[in-house]
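Next up: the structures, one after another.
After this come two complexes, each holding chain A, first together with chain B and then together with chain C.
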Partner chain A sequence: MTRTAITATAASILALGLAFGPAPALAAKTSASIGMQLEPPNLDPTGGAAAAIDEVVYANVFEGLTRFGADGSILPALAESWEISEDGLTYTFKLRTGVTFHDGSGFDAEDVKFSLDRARADESTNAQKALFADIASVEVVDPATIKVTLSQPNGSFLFNMAWGDAVIVAPETAADNAAKPVGTGPFTFAEWVKGDRVDLARNPAYWGEPVKLETVTFKFISDPTAAFAAMMAGDLDAYPAFPAPENLVQFEADPRFAVIIGSSEGETILAMNNKKAPLDNILVRQAITHAIDRQAIIDGAMFGYGTPIGTHFAPHNPAYLDLTAQSAYDPEKSKALLEEAGVSDLTLSLKLPPPSYARRGGEIIAAQLREVGIDTEITNVEWAQWLEDVFKGKNFDLTVISHTEPMDIGIYGRDDYYFQYADPDFQAIMADLANASDPDKRTELMQAAQQKIADDYVNAYLFQLPRTGVADAKLKGLWPNSPTQANDMTGVYWEE
Partner chain B sequence: MSIATRAERSFLRMALGHPAFVIGCALSSFFIALALISFVWTPFDPTKLSIPTKLQTPSLSHWFGTDHFGRDMFSMIMVGARVSIAVAFVAVGIGMLLGVPLGLYAAARRGSFIDELIMRGNDLVFAFPSLLLAIMITAVFGPGAINAIIAIGIFNIPVFARLSRGAALSLWTRDFILAARVAGKGAVRISAEHILPNIANLLIVQGTIQFSLAILAEAALAYVGLGAQPPLPSWGRMLADAQTLISLAPQMALFPGFAIIITVLGLNLMGDGLRDLFDPKLRRER
Partner chain C sequence: MTAYLLRRFLSLSLSLVAASLVIFLVMEVVPGDPASFMLGINADPGALAALRLQMGLDEPLPLRYITWVAGLLQGDFGVSYTYRVPVSELISERVMISLPLTLYALALSTLIAFPAGIIAAARRNSAADLSVMGATQLGVAIPNFWFAMILVLIFAINLRWFSAGGFPGWDAGFGPALKALTLPAIALALPQASILARVMRSSLIDTLDEDFMRTARAKGLSRSQALWRHALRNALIPVLTIIGLQFSFLLAGGIIIENVFYLPGLGRLVFQAITQRDLIVVRSVVILLVFAVIVVTFLVDLAYAAADPRLRRQRR
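Let's look at the complex of A and B:
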């Protein structure tokens, strides 16, 4: 009797298990929740510098004339094709027809003119106004054709137009994009629960190939431990830029997950305040670069994930020069250089923002600098404090930071940038580069620029930040690399 | 003289017969000894990184294993003990040195405006949760061991001020104080010569408890990154570092965690024991 009862109970539990367990798996999954470290301050890519904005909306909600492909190439987006005049000054874009914004209004050349003029206007709040600096005029030829005239030839104009900051917005909705983004992309904005998530839904009226996912949720989980737990529990389907490299070993050992290691545009550097004594002395800066053992930092802070770099350039770029040997780890040389510079008893401030590459890497750098007789005073700072104190206030000696924008070597030419280099010779190289459209000439100039900042030991170049992602093994189509700050969900699907 | 010696001897005998006190003393003196030894000797340099030997499990050469930078955990715990104890000691010292005179003065001027001012000021400091106050102070003045000491010290002041005022108030009504007043002694002298010695027991007991709370507070501040800054090891920061590595290298969290628990437990047992030993009622029963 008792046995029967137990068997019956077991059977009913089994039945329940069958009913509730595998049932949802029978229907193909059409949603994905993606983990992100930082929550965007707003959702308007044309009105904010935060990478998190593009990571939610780029290619999903908003599209530009051109776009980045997964490999970093420039692909047509809202512009179907284009013609460049002989002198490199006039770009005629042929626009796609039948495109509508999410609010139902149609897309045409007027929207493009509005978007570009708005971005380059004096009162524009665009975070990357330099992208539009060379535009002299924008003319509507007909509703499906737009002509952009440049004031000087710019070899990277199509590249510039692919940035998230150059997406096309509608005049009626542009002002409200920060809270309620309206674009032309394959996903529409559904809901933003502040502090928790942003929901996107499939756009049924999309002009291109319809996306496979019906809904996408971006969840903001900054704590690596919580992110790890959320992945393990299945609350997240993917975390494309997982913040704790030490956990990847565990994900790799688990067949439920796929670890995706790609390259990113993040040049991780030990930035130095080039105008502040004694760092205004090139010998001191060179001494610091020779005191640093890049491999120890990669192993210690990144658990082996990362590629050493010797200049501010991404190694996956064809124009990359490997200059690591020029600033190889050599503590003896470092000590000799410090002596030559006549500096002793050096104590430098080292301000570290929250990511683990900075906090851990900073501790390792501090220990390595101690070996050559440079003392550091470490201060751990939050992002807001870092932006205020280091980036704007320039009140620092050293800081560890990853520059994640694509092709951002140009920052070395900016006046008043936080590491305060702004060398006229370098600026001349940048000016030549902007005018060059011949690919060989461009490569040559980009390499000259890389060599110049390595020769001047502007900063200590540490490693290229890998894009260490983790995803459910069945979720396919995520970008392995990050040619720009984006989580392009258009090609993502669940494998049966 | 001989009476005093007998009293001392009986106190010592009683103390040794009080198991909680003995265990508490043993546990806390173990860590104090570790901290003291760390000044002259540690198995390894606790700030020396050695990436190739990172995340090792406990072994004969690394007794508590190594952390994610290959530093020796045992050496870090030893130096961490020094930091914790030093911060707690100075912080409680600040609390006592400022709080007790304030409390005694308020008791001597009981009922006056100055008494109200001191005690309401205390209430104001008390009104903030102690850790929030500490975070506020370190946020304004920047993180670091010194600011952690000041922050923890400040929230110790009202504890001692209240305790000494309460205890002193009950003494002020006693006949021997009346006698002292008749003899012409002023309030300050009476407080120092007659009241302070009579509330010393209470202060020592409270001091021990506050000491353990200060160690916890220091660990909490260091955990959120507001305590001692690297490369100086600190138990709280060791725990914070271990957080993402707990499933990979549990020793990184276990040992500093145990160090904090055992020290705080030891100090609490010692405080409880001292309270029992100083309590005349319990004394008579024994």
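Let's look at the complex of A and C:
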């Protein structure tokens, strides 16, 4: 009796296994499922800073007046063309016609006015409100023309309008975009199974060239081991920002996959609290930068992926200055500087947020600092804790963090920013930059800014965060770099 | 019985009030501001203030507690800070995965444990007993997340019979949904089955040694007849206790397995909500789990009474 029960159980389990056997191979693939580590908290890019929001909807569901291309250049999007007045204060955008929102309503200049006014309003919760700060007025000239007047010239205005936070939304649907995004992009929002995935479908009424994929699924798999298994099992077609660089070797060895290494906008830094003794002493900060061996951190924490940087600027940007030599690894110099500063028996707190670059990199940094006689107290913190304690409370000496927004050197001019630099000379460079529209002049100022923060040893600049992705070898058209936080699926297709 | 039920109900309510207070205060003490989490490190201070106002984060503490409890009593769990949808909606979506997974795992665990435990007890020290004991020893020792990864390696990566994880949703049909839950359920069930089988065995052995079993045999029942008719029912009390505990454990504790298989269940909801400081969601899910555990304990008490008439009489 009992034996039969066991046999029956075993048989039914086996049968279950057989019934769930492999699915028949599909015909020509027109769908792609893309893995992401974090789930977006909502799908409204104008109401939150989470990178995951833009990674789902940017360029896919929502479009702005301008947009980022794969190489970081600024391309026309909903604005077909534009004219800038002599004084750099008036931008007249010629809008595309025949564009409709996903709910069927038409797009015109009124929508642009609504979106820009909403983003810069007092009660706006747009995380990047600063992008709109220079707008003095937005005027509808005719349904296909909009005139934006600035209060002061801003050389990066077109760049600002390409951000995910500056996308154009419709007044009727703006309030519901968090759960049901309605944009003008080539994909429409289909479904969001919270905690699992977001499905997008091809927009048949798209104004531009129709996309090749019929459906795109973004799946949220945070655990690196699970992400690896999902790729290996074929559940995912691509994982553009794969969380575990240690697994990339295995993918490289497998002909089914292509490993895509690109660069991101993430300057990874060892941030220092510039107002807290003894870090208020430039000699101590300089000593710390010389104690750090960037390549050892890249090899140890990033498995060799990553470009060393010597200032807060992306190396792929044409205006980048390579200043790594100025803060080259030199433990002897570091010790001498500490002696000159009269500092001994130094113990500093080092707070590490969750990403592996910070946790692993932090351990290596601690070991390197010990070599020059600086002890560290490492505390691992969660993101929310980091924001509260380090970012808001400025209760830290050192922390490792990657600043992933594009062109964010301006944070060094902010009053009361967490590393507490806010040097007036630097702020003056930033003010000049905002007023400059001549490309050569802008490059010169951007380089001056890079040099200034390197000379002041504000932070120790470690490396540019790589974008390490993996994809099915037949899936083409994914962005190798991430000039902004996005998974632009518009050019993605399956190779026959 | 009525007085007993009333007493139980009163203690149940007191536990809930105490739990709600503890949960609320703990979440207040934890550092981290949900608004700054949402807007990130480039956030504009004005936007942050506007969002805090919108989320009601600047209201005084007691007022927020009362608002929350009053809402709970009316079945209103509030609106999630991050997802911006009603928490009840989020929970009901997740329960539709966590509850079936728990029941699936519990069913598997019972299906494996009962026969194994009974055989081991009935043929004590036989080869069957030794192999059951050996296997369950292993089953208790193996961490379930490790076992889960091995299952993924074999059945998803090598054999490709299953997906490595994820859940297609019940809309995709009963078969695919059940299939997606199969590996996680097995991973969850194995350690539980091992524990249960061992408890079943020792409890049954204890019962088989009792005087009434000798009497039953003396009346002319065969060994197996005596076992099925008399011993099993009496041996069930400790087994039921374990099943009750396991249910609560599986419902609340599937979090690691949910992460390994990236299932959008309750455990992952809480985990995600804690890191995002979505306090409303954390509070509501935790109070709901507390409620579920209390209710299950109560049901197990009732089941005792059904299994053992002596308990029924005492309680009257």
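By definition in this document, the second predicted complex is superposed on the first by the 470 of 496 C-alpha atoms of A that agree within 3 Å, B and C clash if a C-alpha of one lies under 4 Å from a C-alpha of the other, contacts with A are read in each partner's own complex, and residues count from 1 in each chain.
Simple rule for what comes next: a contact is a pair of C-beta atoms (placed from the backbone, for glycine too) under 8 Å apart; a residue touches a chain by one contact, two chains touch by 3 or more.
Model, not experiment: these values are computed from the prediction.
K.L.:
Following the overlay on chain A, give me a clash-or-fit verdict for chain B and chain C.
P.N.:
fit
K.L.:
Tell me which of chain B and chain C touches more residues of chain A.
P.N.:
C
K.L.:
Using the superposition on chain A described above, determine whether A:473 touches chain B (first), chain C (second), both, or neither.
P.N.:
Neither partner.
K.L.:
Between chain B (first) and chain C (second), which, if any, makes contact with A:75: first, second, both or neither?
P.N.:
Touch partners of A:75: none, neither chain B nor chain C.
K.L.:
A:225 contacts which: chain B (first), chain C (second), both, neither?
P.N.:
Both partners, chain B and chain C.
K.L.:
I'd like to know which partner A:405 touches here: chain B for first, chain C for second, both or neither.
P.N.:
Touch status of A:405: second partner only.
K.L.:
Quick one: classify A:364 as touching chain B (first), chain C (second), both or neither.
P.N.:
It touches chain B, and chain C stays clear.
K.L.:
Who does A:428 touch here: chain B (first), chain C (second), both, or neither?
P.N.:
A:428: touches no partner chain.
K.L.:
So, does A:378 touch the first partner chain B, the second partner chain C, both, or neither?
P.N.:
After superposition on chain A, A:378 lies in contact with chain B alone.
K.L.:
Between chain B and chain C, what is the shortest CA distance in the superposition, whole Å?
P.N.:
Result, nearest C-alpha distance in the overlay: 7 Å.
K.L.:
Which residues form the common part of the chain A surface touched by chain B and by chain C?
P.N.:
Residues 225, which sit in both footprints.
K.L.:
What part of chain A is in contact with chain C in the complex they form?
P.N.:
1-3, 5-6, 9, 16-17, 19-22, 39, 41-42, 48-50, 122-130, 178-179, 193-197, 219-223, 225-226, 229-230, 232-235, 382-385, 387-389, 391-392, 401, 403, 405, 408, 411, 418
K.L.:
Help me check something: in the complex, which residues belonging to chain C touch chain A?
P.N.:
31-34, 36-44, 46-47, 50-51, 54, 82-85, 90, 93-94, 111-112, 115-116, 118-119, 122, 149, 152-153, 155-157, 160-167, 169, 175, 179, 182, 224, 259-265, 268-269, 272, 275-278
K.L.:
Of all residues in chain B, which touch chain A in the complex?
P.N.:
So the residues of chain B touching chain A come out as 47-49, 51-52, 54, 68-70, 142-143, 225, 229-231, 243-248.
K.L.:
Chain B touches which residues of chain A in the complex?
P.N.:
These residues of chain A touch chain B: 224-225, 228, 244, 246-247, 249-250, 296, 299-300, 356, 360, 363-364, 366-368, 370, 377-380.
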